[in-house]
Amino acid sequence: MQLDLTDATWTDVRDADTDLALLPVGSTEQHGPHAPLGTDALHAETVAEAGAERYDGTVAVAPTISVGIAEEHRQFPGTLWVSPDTFRRYVRDVVGSLAYHGLDRVVVVNGHGGNVPALGEVTATITRHDDAYAVPFTWFDAVDDHGSDMGHGGPLETALLRATHPELVREDRIEEAREGASEGWGDWVSSTNLAHDSAEFTENGVVGDPGAGDADRGEELRELAANALDRLLQAVAERDVSRPADR
Amino acid sequence: MQLDLTDATWTDVRDADTDLALLPVGSTEQHGPHAPLGTDALHAETVAEAGAERYDGTVAVAPTISVGIAEEHRQFPGTLWVSPDTFRRYVRDVVGSLAYHGLDRVVVVNGHGGNVPALGEVTATITRHDDAYAVPFTWFDAVDDHGSDMGHGGPLETALLRATHPELVREDRIEEAREGASEGWGDWVSSTNLAHDSAEFTENGVVGDPGAGDADRGEELRELAANALDRLLQAVAERDVSRPADR
Amino acid sequence: MQLDLTDATWTDVRDADTDLALLPVGSTEQHGPHAPLGTDALHAETVAEAGAERYDGTVAVAPTISVGIAEEHRQFPGTLWVSPDTFRRYVRDVVGSLAYHGLDRVVVVNGHGGNVPALGEVTATITRHDDAYAVPFTWFDAVDDHGSDMGHGGPLETALLRATHPELVREDRIEEAREGASEGWGDWVSSTNLAHDSAEFTENGVVGDPGAGDADRGEELRELAANALDRLLQAVAERDVSRPADR
Amino acid sequence: MQLDLTDATWTDVRDADTDLALLPVGSTEQHGPHAPLGTDALHAETVAEAGAERYDGTVAVAPTISVGIAEEHRQFPGTLWVSPDTFRRYVRDVVGSLAYHGLDRVVVVNGHGGNVPALGEVTATITRHDDAYAVPFTWFDAVDDHGSDMGHGGPLETALLRATHPELVREDRIEEAREGASEGWGDWVSSTNLAHDSAEFTENGVVGDPGAGDADRGEELRELAANALDRLLQAVAERDVSRPADR
Amino acid sequence: MQLDLTDATWTDVRDADTDLALLPVGSTEQHGPHAPLGTDALHAETVAEAGAERYDGTVAVAPTISVGIAEEHRQFPGTLWVSPDTFRRYVRDVVGSLAYHGLDRVVVVNGHGGNVPALGEVTATITRHDDAYAVPFTWFDAVDDHGSDMGHGGPLETALLRATHPELVREDRIEEAREGASEGWGDWVSSTNLAHDSAEFTENGVVGDPGAGDADRGEELRELAANALDRLLQAVAERDVSRPADR
Amino acid sequence: MQLDLTDATWTDVRDADTDLALLPVGSTEQHGPHAPLGTDALHAETVAEAGAERYDGTVAVAPTISVGIAEEHRQFPGTLWVSPDTFRRYVRDVVGSLAYHGLDRVVVVNGHGGNVPALGEVTATITRHDDAYAVPFTWFDAVDDHGSDMGHGGPLETALLRATHPELVREDRIEEAREGASEGWGDWVSSTNLAHDSAEFTENGVVGDPGAGDADRGEELRELAANALDRLLQAVAERDVSRPADR
């Protein structure tokens, strides 16, 4: 059950009985000619809400951080970003304020691949050095076999949009999107990606086929992600979060 | 006319012909027992959208930064904050990414008094040292005579909520809100506020009478703020933003 | 009674019985063709000494920080500045060292408008996170009705110089100063100042009429400021500075 | 062909004709009771030298950075670490000094999984904002099918040590190492690793079977890694490293 | 000839024809029971003024930075300090603002041993990376054979005070000062000082005999230091400050 | 007796009974046409090992930090450096991790003059603010009368190389090295070094005569340095490292 920290009053939070919080983080960045810049933020929010609703207990849900680490897409107009360092500081501070109120078991619900390394780092820092336990959850890593289809502005993200924000998918540009898409992410030699910017390997920003996922698939993805998040919340709620003893 | 950077695609931004952008910033913090924690973020968004719609030309609107500088309210559960330094970095980075795409005349639309000093500083830094011109606009400073009624979770903020998000105002707690409110902000001696935290002078977080503003007043506030922002956008669009010559 | 930390020995400080300190901060920046660059630092020092003398008890007075936040005047030769971040660090460190010796109730006596936002921020940070209580005191905000006349290098500052450092006022340039002055500070649209640098609105750096304040007025200003600071010291000395309990 | 920057003189570097450099980075951290703390640094050095020798051209090899990001192993005595931020700064500065001399195509040869996210970030930052092109190369990601056997102090690392530094493998503790080992890395729920420290899931620090790799396998690993690095150097030498145009 | 940046107006600086500036930096720290906390700042100011007066040309003199790096004396009440990092930033920013106006050959006139390493570092950084040339000048290193007598609150510093600020020397505590003094600075083994704080080796903060220098010696010191600074100003004025070519 | 933290296992460190550690730090920088870039790192390592072996007790020896503060040599190809700030952070973090395991009496064994000021600062910071006691030891300051012969790539450094790494001394370039050498370090006026880069005063990077020290002298230097370090370790082991009481 979600306690939305935008809508709730401070007295509602005072009266709630939980130490669990979700912090949705996304990105505002190109997702091809057919999908909105806000895709990753919208998806993080969608999954956070669905997971919180599924969970048998109260979970505070913080407002979404909509701009993340996306400089790799800077060649595409409208892409917004902050530096990795700024992003980590912002997330760490927000989690610190959640923990100040006893909401000290925090799952950062993430909708953007570019945020993953920074979230791994900052949740470890928080857990080791601050007064909170935090872990990241990236929704498209927790949707079973669908994961291998991820791409960028591709089958999964477009499908989930069709289920949740169909008006934001430009169906009349899908063909164009497909044609300018690259097949895979990056430009690899010896397991090293030589490309630091997505414009080095994709013409229109798309990776994968945005036509390969309809609204039904989108519903399934939401379901899978929400269930995975629910299981994670249960595990986080029960976990012994004290740090292990020195050997 | 607003170009919403959450909903638009990168090709939409590429095809738009503007150098103007709005960046709404708010806060997620106590607003008494009757008003939502998200009040300041919601209001910043409301005003930014209304101002952009009124403006005769295209204005990009970035996603709202919902957590700002609010440690002064930390004693009230649910209040979120980042440090002033983190806030400035985040705003500066986002504006920098807007400017990267030529959206280099930016008005930061602000809904929270606690953000004002940091926004003055960071917009000056951006204008002097980065490739953009930026100014802050705090809506409740631009609503004519209403301004003196501001308070916190008081007449103005509650009125605007009644006009835009009536379901988020707990009307049944207005009496309680009024009774625990303080009359003014701070604890002053010799023009110095001795109180660094709001809990030093308000019992329930409210300053002013939340009953003193109905939805009609809220509509008027939105109208006034939107008009003021429209005028500001015109001035920013036309301004010679080159720095003056050394004397 | 002032304990001057430049003149005192460490044994004098050891033997003093007080937890009160003043830290004067000013600026070295253009004040028109008639007034010295050091005006703000000199005034902060004047007021700090006068206030300490008036106070019934011992008050340590730290050496003046003469360079503050003044990049807005950079187009005028001789103006010195540090970044806001550097300024906050410097003030915070100095206050930390005062507090190390038990001088942990500190009033930062300020002579420069450009320092105000940073001082509000850093004194709050110190009070919440360090082992001291600190507040800022800006002298020209505490001189009753005179305040509205402030300007820059205008009536008040010139008057106070005439009372305390008459040799530093170039009376033969007053006419020139008046003629190149602007009437108000900034360039405003919708309550937003579009000008980040003073050179955008004043030809010679002056705001207001530097002829409108003689030495008598200067003496009155010193008296008013000293009394206000005395009252503030009393309040700070008696204040319960423990942070309020969480709600 | 390697130009060792520890052994060479400055005149040797001046006379060399190359823009390629390798920067080996490792870690000094627990590798079970049988393998030395320096395993990751030794391996990075081994692979860098072997790759440089294989390459048909001159490659400068910087001295190894032996302490990396390893706080996750802190419960095991002797583990050394720096913060991720310090690590990134150190690597960025060193690469900057290489580039100052025209060695501006840099491969960071990495021997430690915990360094991977930070190296991805810092090489992107360098490439986008500094005067160099940099990519990371993690040797155990480039050894074909062996990769899935990685573990920690497990088959691969122990095998490579047996080939290169047999005297540092405590063969008499292999049985003990095997018995206290965990099977996999981490403690996973919904694709999220709940464990931030290795001591949460391994008793003696080992993951995988350290007996499952003899010196022959070690030689094969060195060969595979050297070949992969050689191919990468060729690709880096020929790559157009200018950043792509804005769309 | 000195152009005092506290007393001058901006028009005076505009009309001056020089690129030379002095920035006096001192410390506010214990100097025994007989000498004032401000000794180092006063001496830096004395020497800067005397050197500027001697120099045949105009030299701008910035206001004194009175608090430096002195945490080593923290056990003695009244000692003030900032962190080395804060000190470097403050000096760098001030020098940057001097250089903005073309005062880009700066001698930092120093009165405190504890500032020496940081000044060496920051002047090198400024010279290499900013738009200015800067060097430090520590007065007691430039007084010929007297130098070996330096101590702390000892012969030299007390003598110079007797010449310049006799009212600040507590002559009636000289005997006490002498008795509690240590003979040398530090606690040395193998050329390493094991003591990080002065309280580890001096009882009352004094090193050396404060009785061993009368006002005449003080005058001689001022003369020697002023002459040395004059020579340095000449050398700085004439120096080719372009950085040498790469080899 | 040395416990080498590269070769040891974590269980070896667990079983050792000591709180003493050495951290060798050097530089990779020009040492003339005849001596290797790695001279300073090699010498720090040599001395650390010899000192640890001499000491009657166990001393952990961390891996060498090979790149230090050497921007002053940047005009000479192959010279590597990090900023002073990065260097201090790296050293502080590594010492912090040593102390985490109880190795909290640390001697930083230094082979490079350019590191000296930063090491003085960071060891003081560590000792005052972290959970460790640290001091720097610079080998060439502890070799009795030899010290005055130091130079750069000169008699001492070349002699020690001849004793420890004769294959790295290009004997056939000694004549050339001598001819392009300068006699002293720097370009001095009034005790101030006007040169921030070594290229301002030495043609080939050498200071002093590299022919003036044979392998025997090198052995003597190693002996002297090792003995000095042994004495220092004894003093550090026995020292009361609690900070002195406030006066």
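As written, the chain order gives the labels A, B, C, D, E and F, with residue 1 at the start of each chain.
Everything that follows uses one rule, which is that a residue touches a chain if its C-beta (ideal position, glycine included) is under 8 Å from a C-beta of that chain, and two chains touch if they have at least 3 such contacts.
The shown structure was predicted, so the numbers you read here are calculated from the model rather than taken from an experiment.
Relative to the C-alpha centre of chain C, the farthest chain centre belongs to D.
Same-residue interface: chain A and chain D share over half of the residue numbers found at their contact.
Between chain A and chain F, the centres computed from C-alpha atoms are 48 Å apart.
Mean C-alpha positions place chain A and chain B at a centre distance of 26 Å. The centroid of the Cα atoms in chain C and the matching centroid in chain D are 55 Å apart. Among the residues of chain D, those touching two or more other chains are numbered 10, 14, 71, 74, 76-77, 85, 101, 205, 246-247.
Of all the residues in chain F, the ones that touch chain D in their complex are 5-14, 28, 30-38, 41-42, 60, 62-67, 71, 74, 76-83, 85-86, 89-90, 93-94, 97-98, 100-102, 168, 170, 173, 205. Across the interface of their complex, chain E is touched by residues 71-72, 74-77, 84-85, 107, 116-118, 120-121, 123-125, 127-128, 135-138, 141-142, 189-194, 196-197, 199-200, 205, 228-229, 231-232, 235-236, 239, 243-247 of chain F.
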